[in-house]
Each structure stands twice: as structure tokens, then as C-alpha cells.
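Following this message is one structure expressed as C-alpha cells.
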Amino acid sequence: MFLRIDKLQIELPKPAKQDPNAAAALLELLGGKYGEMSTLGNYLFQSFNFRSKSKLKPFYGLVANITAEELGHVELVSNGVALLNNGPGEPETTGEDISDAPFEAMKDIRLAASFFSNGGGATPVNSNGASWNVDHITTTGNVIFDLLHNFHLECGARLHKLRVYETVSDKTSREVCGYLLVRGGVHAHAYALALKQLTGVEIEKMLPTPNIQLSKIPESQKYLDEGSHRRLYRFSPNDYQEIRGIWGNGERALPGDPPGELEVVDGPPEGGRIPELEGIPSAFTPDYAPEEMFEIATKLWKKSR
Amino acid sequence: MFLRIDKLQIELPKPAKQDPNAAAALLELLGGKYGEMSTLGNYLFQSFNFRSKSKLKPFYGLVANITAEELGHVELVSNGVALLNNGPGEPETTGEDISDAPFEAMKDIRLAASFFSNGGGATPVNSNGASWNVDHITTTGNVIFDLLHNFHLECGARLHKLRVYETVSDKTSREVCGYLLVRGGVHAHAYALALKQLTGVEIEKMLPTPNIQLSKIPESQKYLDEGSHRRLYRFSPNDYQEIRGIWGNGERALPGDPPGELEVVDGPPEGGRIPELEGIPSAFTPDYAPEEMFEIATKLWKKSR
Amino acid sequence: MFLRIDKLQIELPKPAKQDPNAAAALLELLGGKYGEMSTLGNYLFQSFNFRSKSKLKPFYGLVANITAEELGHVELVSNGVALLNNGPGEPETTGEDISDAPFEAMKDIRLAASFFSNGGGATPVNSNGASWNVDHITTTGNVIFDLLHNFHLECGARLHKLRVYETVSDKTSREVCGYLLVRGGVHAHAYALALKQLTGVEIEKMLPTPNIQLSKIPESQKYLDEGSHRRLYRFSPNDYQEIRGIWGNGERALPGDPPGELEVVDGPPEGGRIPELEGIPSAFTPDYAPEEMFEIATKLWKKSR
Amino acid sequence: MFLRIDKLQIELPKPAKQDPNAAAALLELLGGKYGEMSTLGNYLFQSFNFRSKSKLKPFYGLVANITAEELGHVELVSNGVALLNNGPGEPETTGEDISDAPFEAMKDIRLAASFFSNGGGATPVNSNGASWNVDHITTTGNVIFDLLHNFHLECGARLHKLRVYETVSDKTSREVCGYLLVRGGVHAHAYALALKQLTGVEIEKMLPTPNIQLSKIPESQKYLDEGSHRRLYRFSPNDYQEIRGIWGNGERALPGDPPGELEVVDGPPEGGRIPELEGIPSAFTPDYAPEEMFEIATKLWKKSR
Amino acid sequence: MFLRIDKLQIELPKPAKQDPNAAAALLELLGGKYGEMSTLGNYLFQSFNFRSKSKLKPFYGLVANITAEELGHVELVSNGVALLNNGPGEPETTGEDISDAPFEAMKDIRLAASFFSNGGGATPVNSNGASWNVDHITTTGNVIFDLLHNFHLECGARLHKLRVYETVSDKTSREVCGYLLVRGGVHAHAYALALKQLTGVEIEKMLPTPNIQLSKIPESQKYLDEGSHRRLYRFSPNDYQEIRGIWGNGERALPGDPPGELEVVDGPPEGGRIPELEGIPSAFTPDYAPEEMFEIATKLWKKSR
Amino acid sequence: MFLRIDKLQIELPKPAKQDPNAAAALLELLGGKYGEMSTLGNYLFQSFNFRSKSKLKPFYGLVANITAEELGHVELVSNGVALLNNGPGEPETTGEDISDAPFEAMKDIRLAASFFSNGGGATPVNSNGASWNVDHITTTGNVIFDLLHNFHLECGARLHKLRVYETVSDKTSREVCGYLLVRGGVHAHAYALALKQLTGVEIEKMLPTPNIQLSKIPESQKYLDEGSHRRLYRFSPNDYQEIRGIWGNGERALPGDPPGELEVVDGPPEGGRIPELEGIPSAFTPDYAPEEMFEIATKLWKKSR
């Protein structure tokens, strides 16, 4: 079972201007082969399908627990996409005249269906608009192989994050990339340690792949400073304690990162607010003339307290 | 953000025998157009993309909160699939002789790739093996339309659950269907009430669609008896309280179901154990000769405490 | 069986200039999830698969008859796409020098394959170039559910038409949108009335969704003026008379539209000419040096009379 | 524009028993690469996108007119699929007890989703359940090439029909194959004649491909006897007269078929009744307890007269 | 550039009987995510896209050269598929009576389209009939990551080969599996050694994954005996000599395999005959009445000498 | 089996500037329905699945041998794509500062995923980014039909090459088009001659389709001058000699091309160098700080000699 908390994993700055092509770039990190839907989908189904769970608790727990963090990553990138498509958000009071092609600019953005169909919202597609699908999932039930796959997946995800980062200059998507680079690094490290335990191969020495330190990414710096790269959050009220057998256990941060011991943190990070996406009545979000809708909602809300 | 609890929403009985075609039938409820991946995917992305969240809290909260329950439904169906592919689970001590075609029967099952590639695990495909994908998601940002879509989606999901139920005779998949029929009914009812608040149309009078009472489904009976059809769980430590404005508020159970008031329940249901899937070393799950792996895991687990 | 008439449902103005990105926008209304291929595909297969046709004639007739109109909608949007890709059409006498990159501009249009592969013609893809496919079809055989699906589909189609309309400023695609908004409104209304007959729920009160009157769309005005929103054409020489039981029957136009009774019109609308798409020999349409081809055709045509 | 007539192109016998795998075989002729959706889709979009229509009337007319016949072929195969999935159709009076796995057999059919999702209805997929899509369409705007493609497509369609025919023994699908083999032969012949007019190449001498006479197919015999192989129906009230320039014109039946001149027939064939598909209330078609629905329909029908 | 030799990499025994479901099982090794099309596609495009080829010759050469072997693997599996669909092959003299459902059995095989559309031939799909596609390709241009991906890919391919092997009992597909397990092992080992050179991580110690020695596979034994597991063939007249820097260099066979030094072999293995697939005229392969075709071919062949 | 030679079929000029949209245009010729992956895939699988090979040697040999040339075409187009994405290639000494959006321009290219995921490398997709897949393959085992399909495929490929040519002005992609137009012409001609032998139909008289002489393409001229249009290369050390029965045999060049006899050439063309693609460390190709990698490679290379 899963619980939901109405917060993002970090506070996400609003963009200074609307930038649908930057939003489309972020989609690579959402629905691409090496995006967050893939890390989520792989770990989610691997955790469901995990064989001999009770005998392999630390390994099962690792996959199952990281799954929950990935849900928050999908949420984070999706919010980034929606913010960049929406822009800074000047609230319209009500729907404008729609007969003068108010959204003509949307005709020329790279992925125009994201406006027509989603009103700027995120969907699980890659930066070319191709759908995420089952071909992006590996779940064989062989523990060594699945962990090896996951290690490779996190390295690939890192490469894609780095390249997306290099194409965007707005603060919203850079914050997304900066944070996810640190957290993805933790996951790559964790899978490497799991593999080392099971096979004796010091595969964590392959990190970082690609061969660049996070210290070169200003947006990652604050997360390194606070030690995020050494923390594996236990995203659960009470479960998955056994992951301490893998993450921790005397293991330390990777050589190029700020030094220190690895630690399991109970519970999720403090997180930041879910961004308010201003509706755009002339785009029929939440609807053309939303005032009555807002009144109804207010009335219901009051009743609920 | 999301938290994970290492339990299923209900206790799932183990099947008396392996039945890969029943597992394939359940896949319709996992990765089909009207399956749980679709309800999850629709509500997940709708909640990310929701416009004017602060002004529409009860509606936003409804979609966001049900999302968390759907995650557990995906988990429940997936566990059902894996159990049916695995069978009752006689533990092998170690890998057997593999040169005598020990899995010849798998060659003739309907979706043979589920053995070759997933070792019997679940993946997000439908009962014909076609992948779940973005075409199964509607997220327009228009509140009325998205709610109408969701209402239709839950009715369609009910129809598919009923038909899958009619093809299976094992207790595992019937329990899955029996439970999900009740919970899907709650969601259909909830979206109907939301639409009624916003439009005045008493669309809940269209329920149940299809036109059959759950009292005809023995496996649903105990959930009706305990009032599950009147409960909307708040799958969150502290958030989404505003849904009480929609679910509750004097509204009552649908005419054909056991009578009573609708109520919001704080927190998830008690739930049942995650089933232990016995590994099958000769199928390389968790691996061919897993004893050493088990020892390592035990050692790490002890260290973690 | 189907017959074909060599006319469009309306006279379509030629665009003042070539605009491939506007053509790509229109594709959302052709091959998108809520486009005309979807309305066509859903009703076509629902009509084939309709159970108990003789006992449910008015409902069967409604779906079967609207199917024929949707074929004309697919034709209308496709012609719009081809016109916008072709432009106003200055006839070339024969193929030009092709070695100087005469179509360099096509390299940068959003969906370049529409030039390379289709010479500017329409195909059933959405505005991102993704193919229409079976995932866009719902045909369950359950009458209530299929009608509910269709009602939701028409509301979604309306939303997409509105958004495409807001991005285009040429008269061709605006005429397409203006007309289809009126006709799609009729279909939504018709399915609502069918559902009301079967369930008693006054679901037509949810219309219009999105919440904007067609009077705000200048291009829809003439169709409203002539009462198109009150007419259901019987697209058949002799069949589907039973639809009068649903459309008509004292029911009247929706509140925001010009008032009046609903009426079934025997036969199709008068329609407009199929636009002549000038060939572009340098793009090999109909071919590089088409003169001989034209002569042959003329000779054959004469012989045919 | 298109009109619809509530008849099939031929009278289709009901099968003696339910045979979902035969229905799945027929799907190859519906949604396969060389199926009727493909012939329809190719000619439909080619006719929309046809360049220089007024100068190439006989060729435009040929493609446009055959499109209308293909709609009826899609309808014919779809009805065959639905009939074979439904079986001879003993009417249930109302829904049965659904708790005893009444449809257990459906779990093992080749394409189980056709039951779960479509209640036995047809959808545009091939015999493996893969969706028809835009990759099955060629529409380049080059007249010679598109006609050559169509000639190849009809030959491929013939090969697939022959192979499906060889796997089925029920009278329903054999009738479908027997008829479509004759009509597909007409289309191949017609495209060959068009190509001969334009290029001088006597490509009709390649027919029949594959190299077998229709006289070997008993189910084709009656259609040969009535001369169907020499007739091109003009599926239009008034248009496409120019096709006489290609079909006719002194051309005669192919050597291996009953001899005679080719002729254009005004209007569609007489056709046969649309088969009544009995609903199966326990499968929720048209619904579980359909009596009230039937009453409502009867009342509306009476009102409509 | 590529050259072709009209031989298979090994002599492939004919099956004792037709077995379409075994053929479908082999398809997992052809078009599945971890099949030969994937190893081919990944290395082919990685070799095209390789950056700084001249500075990284041993690594470029490794990927480029293995590509050529993978082409032969695709060929080998495809021949296995076609043989199993065809059976031992009693030559028909000419087409039989086709009106008595001579291929009725094909209606019930798992992937019936392989008969209808391919006459039993192989196509790049997986064991469920889903198409191979670009999602199965990783080519990032980052050398470490692409090699890591390839290492994981070969381990995954091994797991899938093992499972397919466990479901088949005919000698044809077992020979395919037995040989490919040895050769895939070489590729996994080679990529491991390349990674070790670049990163220092002894990742080859993770082999074999899954954790089973090839000595348990009788069909692999003769290839181990002849030392195939120690040989990297240089599939090129003159190029890719630099691979000796990686394969060889004092490295030795993996611990569980017959011991010895690794060696690069110049040129391809001796190979075996391309199997003769007897045509089945009644299935229209090569055609219904092929005698004349054979005569023409004989005449042309004589002329060519 | 296949061998690989480390050369392209021609020397390919480097582009004067980076042009990702031209690269995307070339993708139509790589992964489009009528691109080189399709010619390759069709002939590859047809050659595997060819029935009665020994009795139909000239025809089998034709398909099998052309397959090998198509591999080189896939290689040629892929190299063109990578060159255009890379540009003229100023070598970076090591990775630059990546925090200032050095690749911002990539955000706006038509197919941004080609940068994010492939670092500018080629993958088998069309010019809209849609994946090549099994729907692009026809392999029925019927010789006449498969050859007819191939003839149509080559004509379609020619049309697509012509249109791509008309959109590009850089010398790299024009050279690719100019060469492939000549070679594709040879293949169309060869399949036509094969069909003529088998059916007597002089289908080669339909060439060229589209109706334009290659003399209008300056980049094709040198290949015509050297007689490339009259040569069928035997891409094999010793096999496929029987193709002389079809290509040659007194047949001559097509009327519009430089005259002369057709000839089979033993062995591949001389070919040109594989272009060096400079790595871009800041894009992590081959990696961020590649110096050590280069040193390792040099050391290994030396050892290999």
C-alpha cells in the first residue's frame, strides 16, 4: 500500500517565463527510456514480483523502498513540466475572447499535443512525444540480473539528466535536474553496494558514470552540502528497515563527493510546497468561466471542516 | 510525495494450482485500457496537472487521494498475477536439472513471454499482452471533463472486472475481483458526487453500470458487510481532508447496496500480508543456486538491526 | 454498406498561404485520441458489434447513422490538412529543377514526414505524429456504457476542437473547427438524450462542456443561424428512421443555443465541392511530368461518357 | 460524404457453433497489414489527398469509389468476427448466475481481450491482436506509385484471404473469404488496368497472384457464376461515372475466370441482412437485465413512426 | 560494408515434427527485448555512432566486430523458427485441394499470424508477437555507459536463452540455444574485459549470470569442448585487429568453463549449411503450382554458369 | 553469416555546419516505411524464410545478396545522420563548463531526443521520430508476391529519397541521396527483371517511378558516369553467383540512363573511409574527461599488434 503526502520532495521555483520546449526537454526525464517512469516502473514491478522476499529482505526492501522515492521523482518532473508550460501564471479572472487565436504560439511548439490534449500538463512520454511503455521495464525475478539492470539504468538516467541540464537555462528545470542528479546518484550507489554484497565485485568504483563530479553542477551543490548524497530515505512509516544492511554498514560517500558515512533516514525529506498552477480559463482550465466552480468548491471545503 | 507500507490492501489467498491463463486474464485488470494502471495513470497525472488547486481543494483532493489507493490496486492485481503464475509454491531447495525441458508447459500458455522474460511476474500489459501506454491517459486540465472521463473510466473498469470474474474459478483472482468491484464502485460513486456538485446532474443514478448488484458476487459480500462500499479511505497521514465535502455530506450508499452514510476513513485499511513468492531456482528466480545469496541476506539483515 | 458522394459536408475555403504547422494542429482533430478517426472508429465498430439490434432499434440506429456523418468529418478534416499543406495552389506546368533544394522549408516543419511520405496529404495521426490505433476504440457491447463513453468522447472532442481553434488564424482550419463544433455538439446532445431515455439521468444538462457557448465562435454562427445544431441528418437512403424516437420527441435545443425543436433531416446536407488540390510536379504529385498522364485521363474520361 | 445502408454486401450464414479462434483468424483480414482496414485506409486517404482530381478523374474516381466498397468489406469481416464469437445465439431471457465462472472457456481463447473488452465484438487488430495503425497506409500523392502500391496490396490481401480460408471450416468465415476473394480480385484487376493505361505495362498478366484459380474455392463459385468478377459497382448515387474509362472499355475477365466483358454496375449489390447478434445478458450485452431497456426502445420506436 | 556467406554459423538439425509453439518460443530470442535483434541493433548503431573511433580502436573494433557475429545469430534463430514452423518437410509435388481446411491446426497456434502472414517464416517479434523496436536500442555515445549496457544486455540474453531452452525438447531449438549460450557468454566476457580495462572494476567476476555453469547444458558441451568459449572470431577480411588488445592479453577462460587462454580467431567459424526449407504449394510457398517456376530458375541458373 | 569491412560504400563529405533538422530528414531514409531499415529488414527475413532455395537459386541469391548491400546502406545513412548532428567537428580537448546551458540550441531541434538519448547518433526511426517496426516487413514465402512487394518498395524508396534530397542543401546528405538513388534504381531494376522472368510481364518499363531521370540529380551523375547503375555487386566472397541469370543475360541499362550492358561485379565497391566522429566531451561522448580513456586504448592497441 501507498500513502500520499501533499508536498513535493523539494521546493520548486516558478519559471520566469513560459517555455514549452524546455518542458518538452524535461519529458525525456519523465517518459524516456531512462526517465523516472522507467525507474519507477522497473522497481515497482520488480518489488511486486520479487521472489523469496522473506529470505532476501535487505534486497527486497531496497527495491521496494526506492520505488516510493521514484514516485516522488515522477511527481517532481511532472510539476516541472506543467510549470514550464504554464509560465509564471498571471491569473485570468475569466475566459477571454477566444476568436482571435490567443494560443497561436502553441501551434509551433515542438510537442503541440501537449497543449491541445493536456492543456500544458505532463504525460508519460519522452522528449519526442513517444509513449513510455512496457519495453522500458525489466523484471526477470533473477536478483543479480535485476540489480545489474537497475545499476545500469541509474547510470543511464544520470547521463540523460546531465544532457537535459545542458539544454535548459530556466531555474525550474535546472532545479529539477540538480536535485535528481544527487538522488539518482544515491540510487546508483545503493544498487552497486547491493551487487557488491552479492557478487564481491566492487562495481561502485565505476561511479560516477558519466565521468563528471556533481560539484560541477551549481544546482546540485546545496543538496551535496546538506549531505543528501549520503542519505537513503526510508519512505515508509515502519517498513524496509533492513536496507541498513546495505546502505550504511561502514560504507562511505563516493570519493568525488563531500565525504561522510552513508545513513538511512527514517521518513521522507521535509519537502516543499506543491506549486499552484494558475488555471487559464481561455484554455478551459479549470474551465472557461470558473467562478461558480470556485464558489462551489469553497462551500464544500468549509463543510468539510 | 508517497510513502509505502509493506502490506497489500487485503489478505490474498494462494491459488491451489498454477494457472498462467488465469494470470493472463487478470492482466486485463492491470494493463488493459480499463485496468488499474489506467485508473492510476489518469489520476496520478491529473493530480499533478490540476489547475487552481487551492481554489478547488475538494476536487483536487479527491483525485489526488484516490491515486494513492490505485497504487495499491496495481499492487494487488500484480500480486495476483504473480501468485497464479507461480502456483502454490513448493520450495525447491536448489536448481534442478534443466536439460529435460522442465518448463515445457510454459511453451503453450497464452502469453509465453511472461515466463521467458518475467519468470511469471506481472508487467503492465493487457490480457493479450499489449502494453499499457499514454493513449490510456486523459488529462486535459478541464475539471468537469476530467471528472466525467473518470466516471466513465470507473464504469468501464467495473465491466471488465465483472467479465474477468466470470472466467476465473480460482480463489486468488476471484478475491482480487470481488474486492476491486467494491472499491471501484466507491470511486465511481465519488466521481459522480463530484460531478453532481459541479453540474447539478444526478449522474450517480446511472450506477451501477453494468446493471447488476454486487450482492450477486459472493466474493464481494464480506466487503459489503463491513461497509467498504461506504468508505473513502484517506490514504495520507495529514492531507486531503477536504474530500469530506464531497464524500459524506449526508450522501448515502447507493440503493442496491447495504444502506448507510458515506464516510471518510482516516488512513488506509488494515490490509493483509504481502504474499511470499517462493523462488524457483530452476527458473533462475531468485537464482539457480540461491543458498549463498540467502546467507548473505541473512547476515546483512542481522547487521541492520 | 456505404455509398459515397463526391462532396464535402461544407464548402471549405482555400487558405491564403501554405501553413504546415496549422495542418499539423488539425491532425489532432483527425488522428488524436479525441479526433474524428476516434469518433468514427468507435461508432463504426460499436454499430457492427451492437447486440439485440432489432430490439434496440432507436439506439442502434443512432450509433449506426452518426457513423456515416463521422466518415464525412474525417474527410473534412483531411481535406483541411491537405489544403493547408498545399497552400493556395499555383499550378506548376511541369516539374522544376529539383537540385536546388526547392523544399528546404519542409525540413523545419513540425511533422516533416508529412511532406516526405505523404506529399502534404493527411494520415490518421495526432498533432505530434503519433498513430491512431485500437486503444482509441471502446466497444463493449454494453449499451449504457458504450453510450456513456460516446457522450464523454464528444465532450472531449469539443475541448480539443476549441483548443485547436484557438491556435489557428487561417480561414480554412477555422471553418473546419467552426462547423465541427456545431455538429459535435449535436452528437453529444444526441447521446445525452439516449442516455436520459435509458437511465432517467438528465445528463444533457452537463452541456456544453467545456463551459462556453458557441455564440463566442464567429465561424460557428452561420451554422447556428441555419439551425444545424437542431438537426440530425439521416445519412441513409432509407434506414435508421427510428432515431426520431430519440432526437425530436419534443426535445429542444440546449439553452445557450438558438431555440427551437430538434428535428431529423432526411438525407445529407447539401454540402460543398471537394477542393481541387493542385499537383506539384516538383514534389512528384501527381508526378514529375504529368502532361501525358493528364492526356491519357482526358481520353479515358471522354470514352466513359 | 458517405451514406449508409443497413445491409451487408452479402447474406452471411450464422455459424453452427461458437469459435473464437476462427474469429481471431478472420481478424487477420480485418486489421492485418493486408486486411480490409488497410485497403480501406489506403484508398480513403489516397482519395482525400489525390492531386489534380479534375484532370485525373477516371483514376481519382477509381480510388474514391472502391473506398466505399471497402467500408462494406470492413463491415462484412467485422460481422463475421462477431458472429463466430457469439455462436448461433440462443437468446438468454435475462442475466444468469455469474458466480460460477460461466465464461471460463474464454480464458483460454487465443485473444482473450476480445471477450473481456469487446464482449466478442470486432476491433481493428490482426490475428495476433496487434493494432492496425498508420504504418499500414501509403499515400504519397504520386499516382503511378500509389496505384502500384494498391495493386501489390490487393495481391497480398488475396494471399492472406487464401490462407485464412485454409484454416477455417465453418460456413460463416468461408463465405466471407469466398466473397472477398472474388471482390478483391476485381480490385486487383482494376488497379492493373489503371496502371496499364498510364504506363503501357500489361501488369494484369501477373494475375492471379498467388497462382491459383478461384474455381478451386467452392464458396467463390456462386459469385463467379453471377459474374461478380466482371462487375465494378459504382457505390454512389451519382458520382464516379468516369471509372468506365478504365473498367470496361473492351477489357474482359481474366483468362482463368468465367469469360465476359467487364462492366460498371450503377449502385451497390442487393446485399443481405445485417445479422442479429443476440445479446448475452450474463456477459452484460446489451446489459445484465435488459428487459426494461427493450421496453423503452420499443416505446421510442413506436413514437418514431 | 558487409559481405554475406551462404552458410549458418553451425549446422542446424531439422526437427522431427512441426512445432509452431516452439517456434514462437524461439522468437523471444529473435525479437524480444533481450533477443538477437536487440544485440544486433545495439551494436550496429553503437558502431555507427561511435565517437573518436581512431583514438579508441580496440573498443570500437570490439563493438563493430561483434555486430557481424550478431547478424549471424539473427540468421540462426530465424532459421530455427522457420524450420520448426515447417517441420521435417515432406515435399509436396504441387498444390493440394485447399477447400478442405488443410491448415485448420494453424488456427489454434499461439501466434497464428506467423502462418497467415509469413507462411511460417520468422519476423522480428517476441514470443508474444510484439514487435522489436527502437526502445530496445541504447546508443548514447558514452563509451563506459554503452559498454555497461551491453554487458547487462548479454547477461539478460543469457537468462532468456536459458528459459527458452527449458521449454523446448526438439533438437533444433535446443541446438540453437546450446550454441548461443556459449557465444553469448563470449560477448558478455568480452564487454566485461573492456570495462575492466577502462574502469579497473573486475566485473567479469559477476559471470556467469544467471549462476549456472554451461556444463549443465548438454547441447553446449561440444562447443565448450572445441574451445568456442575462448574464441572471439574476427568476422572481417582485414579489419578490427585491435580487439586482441582486449580479448587475449593473458586473459583466460572463466573459472567454471574449460580452462585456457582467450584467443582471437581470424575469420568466421567453418559453419554449416543453410537448411533447405521445402516449399508447401498448398500454403502458396513458393507458390501454388511451382513447377514452371522451378524450370525457369533452372534455366537461368544454367545460363549464369 | 556476415563479414564486416571497416569502410563505407562511398566516401562521405563532412558537412560544413551542424544541421540536426537535416539529420532528422535523413532519418526518413533510415527508419521510415520506405527507408533502408525496411529494404534491409524485408530482404533479410525473406532470405531467411525463402522456400525451395535450391530450386530457385537465382531468385534466392538475388534477395540474399542485395540484403548485404542494404546493410551498407543502413550504415551509410546512419553515418550521414551522425555527421550532420555532429557538425564539422572541432575537437574539444576535454569537457567544458556544463553549467551554462552549452547545448541550449538542442532544445529546439525537431527531434530533441536524438541529442538527449543518442548524443546525435542515428537510430532506426523515421523523420518524425516514430520507430521502425515489424509492420514494415513483408515476408510471405510466396515468391512472386514478395518480389512484387520488393519492386514496389524500391519505387517508394526512390520517391522518398527524391523528396528528402529536395529539402537538403548540405553536401553530406545530398551525397547520401545521390548515391542511394542510383543503387536503389539498380535494385528496382533487378526485381523487375526477376518478375519478368517469372511472369513474362515487362514491369521494368514502369521505371523510373517517379517519372524523373537521374540525370537531373547532379550528385548522382558521377555514379552514373562510372556505370554504377549497370552493376550489381556480389557482396560475398564466393556465393550468389546465380544472380547472373537475372542481372545480365543481355539485359541493358534503362532507356533514360547511360547505355550499356548490365553486369555482376564480384565483391563490394572500393568504398570510402568510415568518417571520424569527433567526440564532444561536454556532451559526454566518448566521456567527459576522455584523456585517460584514450591512453588506455592506445596502450591496448599497441599490445594488439
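Order of writing sets the labels: A, B, C, D, E and F. Residues in every chain begin at 1.
As a working rule, contacts are C-beta pairs under 8 Å (C-beta built on N, C-alpha and C of every residue); 3 or more make two chains touch, one makes a residue touch a chain.
This structure is a prediction, so every number in the text was calculated from the model and none was measured.
Taken together, subunit C and subunit E share the touching chains A, B, D, F. Touching subunit A and subunit D at once are the following chains: B, C, E, F.
Both copies, subunit D and subunit E, contribute mostly unmatched positions to the interface they share, with under half of the numbers common to the two.
With centres taken as mean Cα positions, subunit C sits 38 Å from subunit B.
Centre-to-centre separation of subunit A and subunit C, using mean CA positions: 39 Å. Once the centre of each chain is set as its mean CA position, subunit B and subunit F turn out to be 48 Å apart. With touch defined as above, residues shared between interfaces to two or more other chains in subunit C number as follows: 33, 110, 117, 119, 129-131, 133, 135, 140, 142, 144, 159, 210-211, 283-284, 287. Viewed as a network of touching protein chains, the structure does not reduce to a path, ring, star or complete graph. All chain pairs that touch, listed by label, are A-B, A-C, A-E, A-F, B-C, B-D, B-E, C-D, C-F, D-E, D-F, E-F.
For subunit A in complex with subunit F, the residues that touch the partner chain are 21-22, 24-25, 28, 32-34, 110, 126-130, 159-160, 162-169, 210-212, 216-218.
Within the complex, the subunit A residues that touch subunit B are 1-9, 31, 41, 44-46, 48-59, 64-65, 67-68, 71-72, 74-75, 78-79, 82, 117-125, 131-135, 137, 139-144, 197-198, 235-246, 248-249, 268-269, 271, 274, 276-280, 283-287, 290, 293-294, 296-305.
Within the complex formed with subunit C, the subunit B residues making contact are 33, 133, 135-136, 138, 140, 142, 144-145, 148-149, 151-152, 155-156, 159, 195, 199-203, 205-206, 209-211. For subunit E in complex with subunit D, the touching residues are 95, 97-108, 110-117, 119, 129-131, 282-284, 287-289.
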